[in-house]
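The next part holds the structures, each set out as structure tokens.
Common to both upcoming complexes is chain A, partnered first by chain B, then by chain C.
Here is the complex of A and B:
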């Protein structure tokens, strides 16, 4: 492989995140800060998790259930952190709102809140992609390519980039769903996020089966699509609601 | 991803007129797709050719004759193993008459080596690498993976990093490279030992010398895979077996002759060891102190003796330098020894008189120096080599028979006793008490001719701390200033082992005087410190055992650099000496890996850019959509 392929894989995994960053996030410094803090939080969560799992490593490569436990514990832990992240954000929002009231400025708009959630999600997604894909891509810039026996048709780097893209999508839009769920107290939205996260995590275990990636990756994209659609639908409804609220004449 | 392939390289060697061996053509790594030789058809780009040992000879001949074929070769991986020994009739990369230029007789067209292909004496402008067993597995694994999946957009490549310093510096002969310091002369350290020890300080009572010679170095197409089991290690082991047997015999100091054992190195590369030894004798140098002022009465060389067994009988042939009373005496002694070993089925025959002369051996150096030398070389062949793998990587332990080596050792031990005693009336009881320890010989063979246990065997480890497990038996290059007391880090494992072993075996047992050496040295001048490497403190024993540097007589070491001396008509061997040197090199590595075709790489890049652009457009559409909804407020 070459530099061209290396950049190609990196763009597959992180190109959409880059687009999102350039077109939405980079225009507001606060959003950049949110992305960074969210990335940091996610990395810290991974460090803590790796510390917890350290005594049990290495896991046997041919037994899948310890990996299932690993995914389950990680998802639970990270969902806990997501709630914490929300609490911190909520406090910040209250502070900002009261500050805005004091200086007679408008409070945060709905779009601002959505963008903050989006930035938080992007931070998680980017951290995931950097950790699970970009770090593996370094040797891809050399001349060789690599195929794993269990997914023999597609280069390992391409599979990892495609999976990373799915996770970036899931993480980014899950955060929007979760924040709205918490804000509105909507149990369905609050519940669907951990379910999606866990489902996506567990689907990666399908790759353990010989040629499992042929099934596992499309299923993962199904989950990503569901997340995206659900998020879109929810945002659409919220926008409509917000329009109705802000227009008392109707 | 990048699988390191284990194996043995063919390296670049130089002489006064040019180069031989293999190297990367330029200063960069060679990366070329792997293809089996049988699949080669109209290649459009350089490939790495996977060649099996039986195809080697034909392949390299074709390379030499077909320039367009040679230009399509990026590199060569050679697949070989012991199984090939049975498969084909012979493989010897050496010449029909190895080192014919040193021959003391005119008939240099004689075919001593019928399996010869001469392929190791040519220069190849591509890297060649012999795969070890694990290397073969690594390559087969990567090839089978591809075949299994029929991937059309990938290829398996081998990456060779065999860049030679001489290529970098553009020095293409020994003189130029020695001047630039990009190569080192071939050579090493020969070892000699005397039984019983010689009292160097007193020149009285010097006895005529019976010199027993063997060689410790071999060669092959591949630098570090030159076991040389039959030629010449079998002879060396037979000599050591004989020394061991004689060391258990009492009363040597009362015998009429002085036994000297000499194990030479660099013999494959212009008889460097024997020529330098003779030169040192002329110079009366310190390396041969105690030996230089005594006449060498006869020389007995033990050549290839590993393949003497045939039909339950071990047959050896005595090739003599000339007809003289002394050679006859040696032949008689061999006969007596043979008769005394009647139960062992050993037959010693005189070589065919129609042979043009002695076979290629160290005796040629002695003959060239003094045509009147009375010498005999014991070989397992008569008119032509029985070793089908002379100087090939396949001349390994499985190519020889240990009972043949034991038989040769037994004959030699008793012959030497008879010669030293200088009497045909040697009592049968004294002769009958000389027995070669067969298990000692077998252990030596396992140590010196295999990688498992190799030099890490207990016998070797008892004397030295080996730097390698696999004995290379390639002469190697001479490091630092050549000296009779060299820095031991520059002396090869086998030389150091031989020095310690010979010193131990030929030492005089002085009771109550065995003392530990302090800092590797002994206080008395006639003592040497043995086993200093393996034990914390070595033992001082009384022995005359010395290193003799082995390097071309055309070379001189001055102020850290080698210079080539002008031709000297009095040194007839030096006149024809090619002066072999080995190019320096940094690292030699071979990797195999899978690469994608560049079309695929570019497709990935396009896909990445497309995904990014589509996402950007999608985000812009979503943004404008949301803005539109909000503006309707």
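Here is the complex of A and C:
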């Protein structure tokens, strides 16, 4: 595709993350470091998964159940890694709190913790978008474009950018939900994140049907909006709680 | 809201020195990748047969077997590393004989050559690629002016920081682009060989760089070198302002060695930052780290041997100094990855940044001179091959069927 179209597709996939980065993350250097380390972690997870699945590739083109197995195993692995990520973050939080005590500054506020979780999620989303969408986009500059048979109404790059946008949203905000769930021990929040991730992964299998992306992509956006709403509700509740706690006279 | 009266959290300023050094490294790598993609995308243009000292022993051609290529690349790297070692020892000798002004003049001259010659070549390639209408006299005048300003910016201390930093990054980009023109096997083996040489030169007792650093410390002098320094940021209420900070010489305190310089191209410091330095520098975070710097020099390609300094160190206020050679070889790795595919570029970029972070952590733990190349280069090479062999097949399989997770 042309350079203009290519930049357009890249912005479709990564535009909201870019604005999130510029407005929230770039203000605090620690958050930029969090985004980078989170991206690195998910890259390593992708490499490990590709190493595990390498003997079985290439998969046959029209059979869908090997892909289901692939998605299931990958989602399970990534959710396990998310829990490990939270453990490491917990230790980091203790280190930061003791550092703050040492230089007589206030400890981490709730908003700080939420921002770190957001940065972690953004790293996950950016890793997904870069490796699943952008890396196919950038070699394909030129005068023509590419369509796949299964989704023949829209250029392939546009479909993958739209799907990547949904996944970026899901990954970014489910990390916030997950961290708050682990911190408060809330089983609902802890459980809903793997469910959302698995549902989103399985929904992309709908794309195997001919013209399946007409159904698959809107359903994926439904899941993304559910994630967004749940995260928004949860964060609003937490902020209200903490404001009531700090100022009981109100 | 009572938000404005709430004291600033530590998250506001933690890690800004690291970001100060990551940003120019990222910009340098990004520019080299851009140049590689733009200038190499035309397959009809002859791939520049770049003959330099790094290809003196063996010129790679496509028809050789893998083993031949590997042996040839190893020979090339051996010749190159030997040349670098000899040049570094010459530098040590000159520094020992106190020919410092000669060294400074030579550095300025080589910076001029890089900006003029290499910069001119790349600009000509770009003009050719984009069919930009410009006549040769205007071009020569502009090039000359840019080069002269660059030499002054790099070696005079009263220039604006942004211009100095910009010119250092530009020099790094130019040299790195030309290194990416080397044949493929030679590039990879050369990078690994240089990482190993880096360890040897800095950590072994007979290593030339260690000798250089010890001489500089004992004489309380600075080494003329090209080093990128991320200046400490000073808060002006709510705005971040980067200002050049002048520090005065202070007498020895508490028996520790406080050696400070005010010149712009200072390179060597052994400093213990303490509470009272906060009022001199005004940085919002006290760094309780004392670190020596390491210096290294390395000649460049056959056209001219320039001395760049590599190595990594921490200034007293936390301003990190990174030698220009590190910029160059990180960008060479990423540029060479760009010649294969952009997925490898992303993987190598993340690996190099991770390596840089690990090196800085080791620096604050060990508190002695450390080489900046090995960890990043090794991680970068490993991630390149992993991405190329494993990741690409997997990801293309999934996303071309629109299956994502």
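Operating definition for what follows: the second predicted complex is superposed on the first by the 246 of 250 C-alpha atoms of A that agree within 3 Å, B and C clash if a C-alpha of one lies under 4 Å from a C-alpha of the other, contacts with A are read in each partner's own complex, and residues count from 1 in each chain.
Operating definition for what follows: a residue touches a chain if its C-beta (ideal position, glycine included) is under 8 Å from a C-beta of that chain, and two chains touch if they have at least 3 such contacts.
On a predicted model such as this, the values are computed, not experimentally measured, just so you know.
By the touch criterion defined above, A:58 lies against chain C but remains apart from chain B after alignment on the C-alpha atoms of chain A. Counting residues of chain A touched by each partner, chain B versus chain C, the larger count belongs to C. In the superposition on chain A, contact is made by A:136 with chain C only, not with chain B. Contacts of A:151 after superposition on the shared chain: chain C is touched, whereas chain B is not. When the shared chain is aligned, chain B comes close enough to touch A:8, but chain C does not.
When both complexes are aligned on chain A by C-alpha atoms, chain A residues 139, 247 touch chain B in the first and chain C in the second. Contact residues on chain B toward chain A in their complex (touch as defined above): 1-2, 31, 145, 148-149, 151, 154, 157, 159, 593-596, 598, 600-609, 611-613, 615-616, 619-620, 623, 626, 629-630, 632-633. Considering their complex, residues 2, 6-16, 18-19, 22, 41, 285-286, 341-343, 346-347, 350-351, 353-354, 357, 383, 386-387, 390-391, 393-405 of chain C touch chain A. Listing the residues of chain A that touch chain B in their complex gives 1-2, 4-5, 7-12, 15-16, 18-20, 22-24, 111, 139, 142-147, 152-153, 155, 158, 165, 235, 239-240, 243, 246-247.
Those residues of chain A that touch chain C in the complex are listed here as 27-33, 36-37, 39-40, 43, 46-47, 49-51, 53-54, 57-59, 61, 67, 70-71, 74-75, 78, 96, 99-100, 103, 105-106, 108-109, 112, 115-116, 128, 130-136, 138-139, 141, 148, 150-151, 156, 159-160, 163-164, 167, 197, 200-201, 204-205, 207-208, 213, 216, 247.
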